[in-house]
Amino acid sequence: MIIMERNATDEQIKRVIDEILRCGLRVDVSRGEFRTIIGLIGDEKGVSFDHLAGLPGVKEVQPVESKYKLVSREYHPDSRIIKVGDVVIGGGEPVFIAGPCAIEGREQMLKTAEEAKSAGANILRGGAFKPRSSVHSFQGLQEEGLKYLAEAGEKFNMPTITEVRGEGQVELVAQYVDILQIGARNMYNQDLLEAVAKMGKPVLLKRNFGAGIEEFLCFAEYIVAQGNKDIILCERGLVPIGKGKEYTRYMLDLSAVPVLKKETYLPVFADPSHGTGRRDLVEPMSRAAIAAGADGLMIETHCNPQEALCDSQQMIMADELKRIIDVCIKIRKIM
Amino acid sequence: MIIMERNATDEQIKRVIDEILRCGLRVDVSRGEFRTIIGLIGDEKGVSFDHLAGLPGVKEVQPVESKYKLVSREYHPDSRIIKVGDVVIGGGEPVFIAGPCAIEGREQMLKTAEEAKSAGANILRGGAFKPRSSVHSFQGLQEEGLKYLAEAGEKFNMPTITEVRGEGQVELVAQYVDILQIGARNMYNQDLLEAVAKMGKPVLLKRNFGAGIEEFLCFAEYIVAQGNKDIILCERGLVPIGKGKEYTRYMLDLSAVPVLKKETYLPVFADPSHGTGRRDLVEPMSRAAIAAGADGLMIETHCNPQEALCDSQQMIMADELKRIIDVCIKIRKIM
Amino acid sequence: MIIMERNATDEQIKRVIDEILRCGLRVDVSRGEFRTIIGLIGDEKGVSFDHLAGLPGVKEVQPVESKYKLVSREYHPDSRIIKVGDVVIGGGEPVFIAGPCAIEGREQMLKTAEEAKSAGANILRGGAFKPRSSVHSFQGLQEEGLKYLAEAGEKFNMPTITEVRGEGQVELVAQYVDILQIGARNMYNQDLLEAVAKMGKPVLLKRNFGAGIEEFLCFAEYIVAQGNKDIILCERGLVPIGKGKEYTRYMLDLSAVPVLKKETYLPVFADPSHGTGRRDLVEPMSRAAIAAGADGLMIETHCNPQEALCDSQQMIMADELKRIIDVCIKIRKIM
Amino acid sequence: MIIMERNATDEQIKRVIDEILRCGLRVDVSRGEFRTIIGLIGDEKGVSFDHLAGLPGVKEVQPVESKYKLVSREYHPDSRIIKVGDVVIGGGEPVFIAGPCAIEGREQMLKTAEEAKSAGANILRGGAFKPRSSVHSFQGLQEEGLKYLAEAGEKFNMPTITEVRGEGQVELVAQYVDILQIGARNMYNQDLLEAVAKMGKPVLLKRNFGAGIEEFLCFAEYIVAQGNKDIILCERGLVPIGKGKEYTRYMLDLSAVPVLKKETYLPVFADPSHGTGRRDLVEPMSRAAIAAGADGLMIETHCNPQEALCDSQQMIMADELKRIIDVCIKIRKIM
């Protein structure tokens, strides 16, 4: 839908119409008392709206169809269910991903896995290639860490997930883990998205902290465009706004959960650990995310959070994880 | 705590110390290898930190004590319980405020009240002085509306609440309703806050959509400073960030709920109607708010939302309200 | 323009059309392959878009006409020029408002005025009713301050401006000053806007720190609706976004300057003092604002900033003010 | 600086002190009436503040030293001057990068380069690997495009710059161009930053649209950590905040320019094309950026913007570029 300026000339209107026809579409022209509005009819895929918006006399271009047809529930109504090992994601039962922020050693990984398993977690996480804000911080054990994660997953019969931070690690990581994670900072990294999508394994895609819902889904589209529909969307918080003290690291946007469930057929998770950055907020925000309709949670746990090398403030212990899982299952049941 | 610049001179340091002593405080000076840090000891109330920060050689002033002692749980550990009629706010049971965005007439008010009551709502709301983004929109029935609200509240034995939009209406509104609401747009309006506080009735204070938690509590402080501690804090969404389509009117910041519960002794509500602006999101976000620990909800309901003159898109009907109240009570019980 | 859902029924479409016709408008219905789009023709003033958006089968309502016709340049192409005393605002020459954040005493006011005048400032500011984030901070000298401001303005032949913080002060303030200022926190305060507009004096309206351009102009509309077109719009910074240290108090949105100049016929100012909160940024951001096309600047100055009771960190002295005014006049000349 | 809770026990305080000593630092303990504050003395590089913040009894950790020592002007006062061919960046004269958003063909590249050169541009840009929000959009000519860019740069004696979108392209791109650009979406991509830094060529690093200044500089630190100090920082706009119509694509944060100039020794550019997304705003925001102190600008130009395949709405033609360059040079001179 193209809205012309009030004083657009007939010539300008004609030029816009010609350009649209040249792209193989048809037009529906509505000449009002004050303005002319031109609707596009047909397949808009090949049309450059940027180009049309730049033509003289055009006030604005308002898209009517969504920008993300491949992941849109309007076009594909059935919810996607993803099976990884024995775990069913998006099937009604909430799924819990747990494990340490960073894999720090074999013992830490095994112990944390054992505790997470007995607390009721379904999938095991652990960071081997850590994205860090400071070049001076611990950057992860890399392949050594992946081995510990795989060993722990196998030992406790838990599918595994880890973040792929850069293109150079895609194949390596895919050898060791069951689900590949794209972190919030890489949501816009289309080269990485395509490389990861091609591995044929489920992908957990985190929303960037500055991204609107529309952008989030447009980038999920990059994965589906490679033929991979096994995508878990994960809300993990937006950049804080407002002045003064930061009480939380990010601002978990839980309304994204029901919005995404409506807009797309993909399962939706939330990450209350990164989303808040505070241990004491993990439990209330876990409950809230499930109550908002999340299909699962990603929670950072550690056998000894106070000794952790990374994100120490937001990791919880197994007893708290168990309490969270128990209450979340109950909340889901009464919904 | 005052952090001096690396190259601050002895003279500059001395001047800062002198200024602090002049205010009747003591200092604790820590001279490090690279910097000098000056701590303040004593009652900081009379100190102008702005002024200190402007002195030469000062890098920054980092406050250690919170800016909102009057409403701070650190200073007053016991939760505040507010009783209005038969309703107990902050006492463990969730409380539900329901009613129309705007009072449109006697019949609409009575019918909506009756339905809200039978759905399980505790408190009746209705707008008589509407804050509107457009001067061309319906602005409310004013005193006529207040009469309908009071009549409906009495008839169905529900305490009432309405927004006081301007100072000119404070006394009038206080004659008709039980709880005075300060809307999000007026959170910073200290003259209005003080005038409302003086009425001696409970105040529901909504968080401004651009306000951090710290600012929110500093303005609650204005009410307590008038001797009125019966304040209900209400989270109702922040300005949307991110590009592209707006899926929700505002962004409900549910992590504010547990943060506020920790920082202050006041009861905390959430408003999923304004917080999302979408009827279909009221239910999931109501569940989420209660699961996050909210003491109650403010939900816009209408006997016939599609005929409403204001906020038609976000109001729900009584059957949905009932479903929400039922599930929220269940969620609270298992927490 | 009303966009129906893909699966909207004929009945739903008919209902929407009926509602529009009932409001006295005509419709232009475009039935596409996938969707029906209904355009409204006629005077939209009486139409409740909220209401239409809530009807079944409606996907969304996309307004085509702007929401602020009264202040819109599209409807009123000629720039507004405001004359106050000898000062011409919006006439091509940049105008400089200077003076202290808060009026602290007669001597301070007179001295600051004298210095501002000789530095080249045109209009004198000074706060008498201070909006403060903390109830414990200095709140202003009130009427006593207004007297000092008026005296200083008269002595140095400078029109005066001060903020009206609440409705209770409107008439009092209007007796003493030439231009009435609505602060950023009160931009949404429609009762105050209307009361101030009725005084018949020019109004400087600051943009709220969480307000989009559209909202800003919708609230300027409240003033024009009272018959007062002498409005100066003032950009003074948005809430900071992003994690970590706050380097500026707010984030001055200078692109608002050319956008506002295009959207409206009103003069546009910027406030680099509040917009940054840092003395050392006042000069570069003053230059930038003028270079972006601002019609004038509002700058906080003080005869002795380090002794100031309020905003000490952002006030500058007369010598710096002079340098700023000189360079800004030169920049304007070469543009 | 570690601030303990008011009720922290001696044991908790002792534990924090022990942990710090264990890291090889010394402590400076200040026991106030209400709180204990522990200062760290020595080299903080090896300390995990995350870990300390997670210890029991710790209220918060307030860093005193900046997180970005390698790029900090406090540690390295001299401004960095970068020479590329005949062009001197950061040397006082403003530098102008111009060229098309996307390289679309040989002829378009040569023509645009010729026009940019005669308009006064110093450096030639052109996108070969385009980051795009939609997988369905034009993604760039890749190596073919690089060849056209290199040819055009050589022909008109202009150093060249292009964005490196993914790690897979680093070496290829480095063969063809003189300056490697990291786009806003990749600012957090530490693997890409390190790979690009190692090429030994100057790097233009754009600020992410959700990043604070502190984060921006922490990621510039990744480049310096590889031994490459030839970094140009570029402000290109933050995510829009506020409700309603988006008048600009992003929100150019020009106060970042003087802040960055103060915090770091690196040259600072601004990109008014992406920062606004509107052709008519490029000129005012170019002037404003230079007036704010920017060392240069990156402006998208095209020989025929209306035919452009990408960002058609924000590209300008050579005549406008010339006007911008001329006025910017004049503004710089009078500053």
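Going in written order, the chains are labelled A, B, C and D, and every chain counts its residues from 1.
Criterion: contacts are C-beta pairs under 8 Å (C-beta built on N, C-alpha and C of every residue); 3 or more make two chains touch, one makes a residue touch a chain.
Predicted model, so just to flag it, every value in this text is computed and none were measured.
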| item | value |
| --- | --- |
| From chain B, the most remote chain by mean C-alpha position | D |
| Inter-centroid spacing, chain D versus chain C (mean Cα positions, whole Å) | 31 |
| Centre-to-centre distance between chain D and chain B (centres being mean Cα positions), rounded to whole Å | 38 |
| Interface hub residues of chain D, defined as touching at least two other chains | 210, 215, 238-243 |
| Graph class of chain-chain contacts, one of line, ring, star, complete, other | complete |
| Footprint of chain A on chain D - complex, ascending | 45, 48, 50-51, 53-56, 67, 70, 131-138, 165-169, 185-186, 188-192, 208-210, 215, 218-219, 221-222, 225, 238-239, 241, 279, 305-313, 315 |
| Interface residues, chain B side, partner chain D - complex | 1, 3, 6, 28, 30, 32-35, 37, 39, 41-42, 62, 64-65, 74, 239-243, 246, 249-250 |
| Chain C-touching residues of chain D, taken from the complex the two chains share | 210-215, 238-245, 247-248, 251-255, 257-259, 262-263, 275-276, 280-281, 284-285, 287-293, 327, 330-331, 334-335 |
